[in-house]
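One chain, chain A, links the two complexes that follow: it is found with chain B in the first and with chain C in the second.
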Partner chain A sequence: MELFTYLLLSGLTTGSLYALIALGIVVVNKSTGMINFAHGELFMFSGFVAWMLHVQMGMGYLPSFAIAVAVGFLLGAVTNLIAARPMRNADVVGLVLATIGLAFVFRGAARVIWGGKGDYLSFPPITSPDPVTIAGIMVIPQQIAVLAGAIVIMLVFAAFFRLTRAGKMMQATADNAKASRLVGIRIDRIYMLSFGTGAAIAAAAAVLMAPLTLLYPDMGFSFFIKGFAAAVLGGLTSLPGAVLGGFCIGVIEALAGGYISSSFMEVSAFIVIMFVLVLRPTGLLSFGKLRQV
Partner chain B sequence: MATGQGVKGAAIGLLMTVAAMQAVQAQVPGVTADTIRIGSFGALTGPGYLYGKLPMNGIEVVFDQVNAAGGINGRKLQLVREDDRCDPAAAIGAVKKLVSEDNVFALIGGGCSNATFAAREALDQAKIPLIVMASVHDGITTPVAPAIFSTALTSTIESQAQLEYALAQNAKRIAVVSMRDAWGRARYTPLMEAFKKKNIKPVADEEMAPDANDATAQVLRLKAANADAVLIVLYPKPAAIFMRDAQKLGFKPLAIGQSGIADPAAFEDQVGSPGATTQFRTISMVRYTPEDPAVDKWRKAIEAKFPGDRLSVFNLFGIGSAEVMVEGLKRAGKDLTRDGLVAALDKLTDFQTDVYGAGITCTTGDHRCNKAPVWIAKEPGKPVRVLGVTKVE
Partner chain C sequence: MTLFGRRNVLLAMFVVAAVTPFLVNDYYLFIANTILIYVLLSIGLNVLVGYTGQLAFANAAMFGIGAYTTGLLQVRLGWPFWLAFPSGAVIATAVGLAISLPALRLKGLYLAVSTLAFAQFTQWAFLNWETVTYGAGGFKTPPISFAPLPFSKEIGLYYLSLLFVVVLFVLAQNAVRSRFGRAFVAVRDSEIAAQSLGVDLLRYKALAFGISGFYAGIAGGLYSALLNFVSPEGYDLFQMVLQKSMIVVGGLGSIVGSILGAGAIVVILEALRAVKGVQEIAFGAILVGFVLFMPGGIAGFLKAKLRGWEEPLHRTQGGRPPPSTLVTPSEKSEVRS
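The block that comes next holds the complex of A and B.
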């Protein structure tokens, strides 16, 4: 039971990060129908911005967090402006290549700006680094902080999506872009808002994650792959599905590593995804659109 | 009259000889009457810069000192740098550019193993002498390439040393945690062979991904196997995660790293959990820590040449390999050719540098010239200290 509890906690912590990344991917895809392949690099870049503010410039954790999220939003909006908007009428390959190209630009910029500061940059924990015992389980307080932070961000985002005017317009555009345009919603602004919001969520995930792991310019892609897998598992257009997908992948990885083999960790989640998609091609929480005739 | 004609003839002969010598010299790429151009490739940007830019800075200060003392046989050394970003394709491009466009005479380079290994074919084709400064991939020096020498340790040598060290510390239940990408395989395979040779079976054999963010599963499995020593075949990032989670779960075996984690002070920061690295030892290619008074000369040189930089072990990698190159160039003589340099390096026996764990010995049949891994450790709040040297046969 102790083994299971440790593995479950570690899976939930890692899964919460995957969930946040998946959430960002789904926000963009739901509103614009595009996958932002630069999402991982936006995540990485925002993490470095927070590191620069917090570690290099000595700013507090919360202001660093807020500024990094704002920078993430701006970078997302820029991604829309230079990679997505001009390619809106292009074919899928063109759209994919545009965001992949931008991903390389962000990675190159990070290498130039932060690449010579250390091989892997550490971000000081916001809690005590000493493990604590909770109900007989040894936990690093930072893990709890990450899990709690991720849940708060998800709730804030859910509230934004359901309760604010901008969030409702994003939902309307996601449901039917043409009808939204007809009722006066400025679709281009909504697309920009979606890219910005998706990147801001990625930025929040990066700043939460930074003290648990280490920062390096090539980190974005591996997180993107896990987040993308979580989004696919959840259904690519379902926000609760993205969250569920992220937690599922984190927990499956941890349990497979602990109970089967550590060599099985990386592939275990993808095997499960394969089965889920065979049995339910729309993902766990996505439902095909019903058409009344 | 006859004497006058004799003097004229002698003068013409002398002029022709000088002209002929200059013509021959002109055919040697990268060598002029007063300069020798040496190329270097490695990562100048990105996380791999530790194994590229910093050793190159070390090479440069050695060259500066040689030049200040008049150069080698009257020729000053010039260093030309190329960034391979630790990328195999970029490393091939960098080698080709240094050879074809920059016309360098020889190379000291190779930071990231996979990138240098990828460039081996281009190096073989160019037949340009290379001294490897930091890459440890066995395939770079095995099978022997006539013009490629390594003053870096190799992955096989390090893997053997890891097991030797665990046994020397009386470890009874030895486990392994490794990455299984190309870098990890290059170390993991010889490590398993070393286990087999000793007729020992690891009590646990766990895998971690290079970008893992959690090692709870691996630590719990190693703990369940009751391992008293863990051989760590990981990059600093997953290794830091492993050590942090080991501390969290109260698992404190003897943790034995390799030169992929060459800076225990930086590693302690990366782990970020107080006391987690107390039992951690790792391999250094050099026998001194940057704080050691024995390398004061080089510390001053680095700090003077690169204001803001502090001497690091990675600088020392470059300093050692540059010292070997300088010795090779001296021994190759005034009529410098690439073949002459290769022949000179082939005969180096127990050549003492300012940095390596033992003398450098190269033979025609074995260009792995450094076989003396140095063990280093850092206790919390104390400087990095050298524990000893394992000489691998």
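The block that comes next holds the complex of A and C.
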């Protein structure tokens, strides 16, 4: 039982990070109909930026967090400008290859800039590393901090999406791009905003995650795949679905790692993707909706 | 037939390839052999992506499966190379066919991601299924010999690769011009229209996946013999992006382009071997640059500038089907209202 609660909690913690990454993927997909294959690399790159600010330049955690999120937003907008916008009317092969190409540019850049200091960089924890016991359950404070941080970010994002003008315009564009253009919404800007917002959420996830694990240039892809698994589980266009999917993937992964074998942690997300895509491509939260041709 | 037409250039390339072993040292022979292996890979991938329009990312995995099967059958079961090598190709083809089953239900992005997940799964199996695959360290394969023939291993393997390239090139070139090729292009341009013309989607998608698996399996077997070593790193995502760059640089939907793209990319790769980060930046930039500014690749460029490079069914600008003045049943916009 103790093992179970421990696994459940650590699954929820990593799950909250996957949920954030999935949220970013869904925000982009919902309003532009595209998948940004460089999403994981934007996540990785922003994490490195935060490391540089926090560890190398000695800045505080919160300012580094804010700057890294801003950098993430910018990089997302740049991705839109370089790879997504010119490809909007081309077919899907071009779009995917362009964003993958960009992903490799980011990955190579991170390796050139930060790779020389040992490929794995550690980020100092922001809370004390000793576990504490709350109501009989062993808890690592860092995990609670991450979980809480992730939930705050989700709430902030939900508020942004529902309450602000920009968020409402994004919703309108997602709903019907043509009609939004007719009422005077500048679609190009909304697309850029979506890519930026998606990347900013990924950046926030990266900075939250950094104290829990190590940073390395190849981390982006495996987080992207897990975030994508979460997004697919939620149906790819549903924001609550993405969050639910993220927690599911995190918990599945932790339980598979704890009860079967630790090497199964890496692979459970891939298995979930393959099965969900083949058996139930519309995701968990869709009931009886037909797929469009 | 013009002087710099496709046929003459191909002949010249073949002559150069045939005399290469007599002119260069071992290192350059190794590079030349690597190019031949990548030519096989990119021809197979181009049939799948460029002609049939299936954006799959499993080619590196099938390449790895070919290499691992060939190597493991020799090491674990003591089979000779001449038996293990075709078995590797058969298994890779079988895996290719198996992947095509979900591909029938999935399109575009979804196919891309599920095959990516499959590729990662394969990579994971290479790494973690240690009782069979020897894990992360990889394993050495026994050196092959061309015993009755008066060749050294390097030269023998080079000519074996060249033989496969010539045979499989001609095969692919003929296949894409036949009814198979037309069916592939029909599937690429509009699945609904293709079906209404009587093209069996399952059959032709499976065929395209099988062809790419077969080519990758052959390439994998040759590659394991070339390196005498098999390890998981050779078959990762970077390998996949490398192969994608080859067909994009060469030209999507052009068999000749695959040869040019593979040659160009391997040469650049060798020139930048020193720093991995720089390699990644260069390839990423090449991929983005070609997709944005030269969607027809080198083959498209040559076709526009030189006479004698016309190819039937070649994909034109922007990766979209060529606009035709005739309203053919494969017009995408007509069907998808």
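Heads up, the rule we're going with is that the second predicted complex is superposed on the first by the 263 of 293 C-alpha atoms of A that agree within 3 Å, B and C clash if a C-alpha of one lies under 4 Å from a C-alpha of the other, contacts with A are read in each partner's own complex, and residues count from 1 in each chain.
Following the convention adopted for this analysis, a residue touches a chain if its C-beta (ideal position, glycine included) is under 8 Å from a C-beta of that chain, and two chains touch if they have at least 3 such contacts.
Please read all numbers here as calculations on a predicted model, not as lab measurements.
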Could you say whether A:L7 touches chain B, chain C, both of them, or neither, answering first, second, both or neither?
first
Considering only the touch criterion stated at the top, classify A:M265 as touching first (chain B), second (chain C), both, or neither.
first
Is A:A148 in contact with chain B, with chain C, with both, or with neither (first, second, both, neither)?
neither
Looking at the overlay, does A:V96 come into contact with chain B only (first), chain C only (second), both, or neither?
second
For A:V112 in the superposed arrangement: first (chain B), second (chain C), both or neither?
both
Touching partner for A:L277 - first (chain B), second (chain C), both, neither
second
Applying the touch criterion given at the start, work out whether A:F104 contacts chain B, chain C, both or neither, answering first, second, both or neither.
second
According to the stated criteria, A:A179 is in contact with first (chain B), second (chain C), both, or neither; which is it?
neither
Just which bits of chain A does chain B share with chain C as contact spots?
111-112, 115, 217, 222, 263, 266
Over in the complex, which chain B residues touch chain A? Could you list them?
45-50, 53, 85, 180, 206-209, 211, 213-214, 216-218, 220-221, 236-237, 240-241, 244, 247-250, 266, 269-270, 272-274
Mind pulling up the chain A residues that touch chain C in the complex?
35, 82-83, 86-87, 90-94, 96-98, 100-112, 115, 217, 221-222, 225, 228-229, 232, 263, 266-267, 269-271, 273-274, 277-278, 281, 293
Of all residues in chain A, those that touch chain B in their complex:
3, 6-7, 9-10, 13-14, 17, 111-112, 115-116, 118-120, 122, 124-125, 129-131, 138-140, 209, 211-214, 216-219, 222-223, 254, 256-258, 261-263, 265-266
Give the list of chain C residues in touch with chain A in this complex.
49, 53, 55, 102, 105-106, 108-110, 112-114, 116-118, 120-121, 124, 128, 192, 237-238, 241, 244-245, 248, 252, 275-289, 291-292, 295, 318-320, 336
